[in-house]
Amino acid sequence: MLKIGLLGCGRIGQVHARSIGQIEGAMVTAVSDAFEEPARDLASRTNAKAMTSDDLIASADVDAVVIGTPTDTHFDLIHLAARAGKAIFCEKPVDMSADRIRDCIKVVEETGVPFMTGFNRRFDPNFANIHARIERGEIGNVEIVTILSRDPSPPPVSYIKTSGGIFRDMMIHDLDMACFLLGEEPISVYAVGSALVDPEIGKAGDVDTAAVTLTTGSGKICQISNSRRATYGYDQRIEVHGASGMLRAENMLESTVELATATGFRRAPAQHFFLERYEAAYLAEMKHFVGMIAAGGTLTPSIIDGLRAQVLADAAALSLETGVKIEINANSGS
Amino acid sequence: MLKIGLLGCGRIGQVHARSIGQIEGAMVTAVSDAFEEPARDLASRTNAKAMTSDDLIASADVDAVVIGTPTDTHFDLIHLAARAGKAIFCEKPVDMSADRIRDCIKVVEETGVPFMTGFNRRFDPNFANIHARIERGEIGNVEIVTILSRDPSPPPVSYIKTSGGIFRDMMIHDLDMACFLLGEEPISVYAVGSALVDPEIGKAGDVDTAAVTLTTGSGKICQISNSRRATYGYDQRIEVHGASGMLRAENMLESTVELATATGFRRAPAQHFFLERYEAAYLAEMKHFVGMIAAGGTLTPSIIDGLRAQVLADAAALSLETGVKIEINANSGS
Amino acid sequence: MLKIGLLGCGRIGQVHARSIGQIEGAMVTAVSDAFEEPARDLASRTNAKAMTSDDLIASADVDAVVIGTPTDTHFDLIHLAARAGKAIFCEKPVDMSADRIRDCIKVVEETGVPFMTGFNRRFDPNFANIHARIERGEIGNVEIVTILSRDPSPPPVSYIKTSGGIFRDMMIHDLDMACFLLGEEPISVYAVGSALVDPEIGKAGDVDTAAVTLTTGSGKICQISNSRRATYGYDQRIEVHGASGMLRAENMLESTVELATATGFRRAPAQHFFLERYEAAYLAEMKHFVGMIAAGGTLTPSIIDGLRAQVLADAAALSLETGVKIEINANSGS
Amino acid sequence: MLKIGLLGCGRIGQVHARSIGQIEGAMVTAVSDAFEEPARDLASRTNAKAMTSDDLIASADVDAVVIGTPTDTHFDLIHLAARAGKAIFCEKPVDMSADRIRDCIKVVEETGVPFMTGFNRRFDPNFANIHARIERGEIGNVEIVTILSRDPSPPPVSYIKTSGGIFRDMMIHDLDMACFLLGEEPISVYAVGSALVDPEIGKAGDVDTAAVTLTTGSGKICQISNSRRATYGYDQRIEVHGASGMLRAENMLESTVELATATGFRRAPAQHFFLERYEAAYLAEMKHFVGMIAAGGTLTPSIIDGLRAQVLADAAALSLETGVKIEINANSGS
């Protein structure tokens, strides 16, 4: 039985608590939050103890921590938990600064604790299916990856201001997915972007519509586009073109029902809410975390994957700012 | 070069003229119509001669006739053309009376002329593809055939009154398709029907919504449903369930474009007009007629197929009238 | 808080226990099974007490019972529970005999206890969506209902022998769905069927491939077809053709991923397992049971719905046996 | 009646001849080719006269020329035909050199002859439908255009060597489509590319896998990707994301038939051959040419459109070579 301490009892902490509740061989034993009420609530719902984060990390009743606190607290919690010998699951992004992530990597490597970065989309059954089939050789050598990723509606401008911008906040998922599917390190990043959805986002110094091109050492290409708004739901599509075929994942729609009338054939919109859309992925990633620790296997995505995506997001932001392609040092990811 | 005489210069005659114009190895040499103008028009467009039907059938410049005249004239024209030794393509239905079709079969067999019944849908590329793949064994033994066939809008009630009713006028295509795909003679027919689309159709003694169940000697089942109205276009779908798989043909839509908005994903309606929907089928059936005569092969659908469909339509009408299942004598189709 | 006693701790009992665990306002307080071990297991997993069915029904700690025992025990349990004043959720079929269901109706009406029949498919999000949109008038007057329902693979022949046959065991779901969507009582039933999948099923006196035609008083038509085997998964499709449009629910596939190669575009098979396919439906029906009892609303499907479907299944079996259409007395369902 | 002289009797000339044969109000009166046989053949099939290109352009029996000769001859033929006062339809690319196209623009403007550039894809019914619906405001302001364009298989390397490269030979269609759908001039071009399909293409100095990013003055973004090989057919997809919705055109498949087996649901490959895929587009563009000349309307795409696409292709090639984004002078297109 893996005894898990939850750091952060907000929306994402609750998602992880619910997932752990469905996994045999794991239980939440302790929870912690900067605010008293969410911690008390989640403690009562999970039959766990609410305590301070320091106590939680120190607790003998905690084998592993799941970090779902605000990003700027990850660094300290990772250091504390690693030194306490706890296995760590940390939400993305590991940190807003690539250098600070490198520092986290050091402590993780020194202490040898298992570490997993919460890029949940790798565990989406559809995207995981694409990855597995690439690995099985169903489409031969990967040549072009196309990722279309659009949120149903933009977050508040106040959030935008502290989010690190579209590349670090939103596209970072797609950049990780690109690495996952390309199977090779990107060596160049080129980005364009505009504030077309909401001029206030532009005034806040960010863009809401963006596109990135990645290339790898062997010449594979990835095109990503993001929009902060899609009227038809949460648009999450991926396509991989290979030497002997193509794999693509379509959206998850709200139902399979189609209405036919004089205006044509109408299916439901895409599922809107990210927690609904990625519900299966959140459960699967936590199962991987629990299962791999039990089996002594390797956790993935690793903290290196967390760094790599952050480096690419930084490069995309710099490319947008400067208008030039940014080269990625092959070693920057480690 | 197959020299073809067109009997009937109405809508369907013009379709066949256009098809013949696209086929190497065939040409229209003579045309005939009860009315002068359509004959003259079609003659000028095809560089053919307009003449009486008697002269056309007797003409040394005519190797084959395509009969697209009103149904009640088919009988005489078939007899004349057969005795003149001409190959015959005859629009469906061969005749409204099964007995008279049996009489036509006699003259065709006696004279040995090639004869083809115009069940064009067998030549629709999608339905032909299903048939070919059944033959190749892609779904194993056929078990259930499902045919959904709905016209965009009902014909005028005046037409209904003389059409022979929904089974002989509309469902006859589906009954032939059932035989084509079942690969076995139906031995029972059960029909239900109502006038739901237009009460005037009911007053005229017909139904506009109908469903038929067929069974074959080995226990295969076919369900057909018809409606005289579909707001979303000409609905023509077929599905065949077999021991090792299922084949289905979806509708032909007006375009491949999909619009996504807050109400969902909308594709175009089905193609509305039967000449557009079955354009490829009309061309393919005429190519078969010309090609098989040139090659000395067997024309299909045969006049026996024409009789079989008519017998099934008669049985369906009788079943609707009496409320009981009608048994088909295995030999009634020959 | 609705305190629920589970009668039957087999597969379906466990499904309901899991559903109840996810519903606020309900809990399992007692469980019962003819065998000791499954009862003890489920008791420990739900923190409920294992007891005899008599004790469970008599318990002050039980407000409602969920009957998931073998069909031949339903009759007695319904009578006992109704007389004990408990709300009743009973799995389909209520009983194999329509007369005995009528007897159950009497005790339910006399005691006035809330009663719900477990036709879970009415709560499938896709089928419920079709029903709601018919109610909202999106397709106008319903004219033709088409139900294609095929199991992934046949049950053991030993099961077939005691199941009551394909109409009472399998098609009963579709017959209930037909009533649900037609919005009108069927007045005639015609059935055909064959043993095409497995000759052993035929030797056991049943068929594995069947088709039924229903008509209603106003002339609406429903066609249902069943097969005990579909190589491509659990095939569950419904389509409703109305005066101003058509609604259809497609299968739930295993993923949204499509592979394109030289042989074409390939999507995943349909979900195979009925518990996976109808997982959402099982949860939704239990939510309805709990919610309606709390709100004092009307439970649906009612015990009358349970009787109606059984009467139709009996009629279908009789039609197959006799080869004639069976008329349904409009009052037979009440 | 528009009398048309065909310059070039190769594959594309024959396509145009066939289209003209289907258009009322137009006829081919003269044909010309550098080789005698194709000219004589096409002349006999169209009842036109074979003659030299000089004679054809000078002929009083020619109102308009359709130029389908090798690209390097376009320049002289355009000058000759313009000075002879003939309306001109010229296949893309107008010329491999943007400067020489500018020279052609001069003679076209000086002489005032109607001129149309043969970007046939604008006339594809699906893509034209997307354009028309953008114009009607169905998706609001255009924000992101995504074009996925992949040939079934690469041309011979010998062709690659003289084709001008992937951007000028293949992607030029997509660059024109981008302008058509963005509704705004691109102001920047960034390209990446690799030889992944065939190393011989790389040795010949070209790439076979390429991606381009365009931006416009108002911040709209277009991503294009090309591959010289798609095992599943001729992959031609377009998607336009706008403020209030998204429009996308899917591939044209070889049939609507779907096969379901244990491996899933399989539809046909995409149509392979460009003449089949764009048959409707070739006919529609010629109808536009003939119809607009008859009506005295404006031909589109214009020669300016021809220049703009060439300038973008040149910029893409330069971007690939230099690794930097290329700015497009807003006036370079005119």
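To keep things simple, chains are lettered A, B, C and D as they appear, and every chain counts its residues starting from 1.
Please note the rule applied: a residue touches a chain if its C-beta (ideal position, glycine included) is under 8 Å from a C-beta of that chain, and two chains touch if they have at least 3 such contacts.
Since we're looking at a predicted model, the values are computed, not measured.
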Comparison of B-D and C-D by number of C-beta pairs in contact, larger one: B-D
Option reproducing the contacts of B-C, where over half of them reappear, out of A-D, A-B or A-C: A-D
Farthest chain (mean CA position) relative to chain C: D
Centre distance in Å when chain B and chain D are each reduced to the mean of their C-alpha atoms: 40
Centre-of-Cα separation between chain D and chain C, whole angstrom: 58
Where chain B touches two or more other chains, by residue: 230-232, 244-246, 260-262
Contact set on chain A toward chain B in their complex: 230-232, 253-254, 260-270
Residue ranges of chain A in contact with chain D within the complex: 141, 143-144, 146, 148, 150, 188, 190, 192-197, 209-211, 213, 215, 218-221, 223, 225, 227, 229-232, 235, 239, 241, 243-246, 323-325
Contact set on chain A toward chain C in their complex: 125-126, 129-130, 133, 138-139, 244-252, 255-262
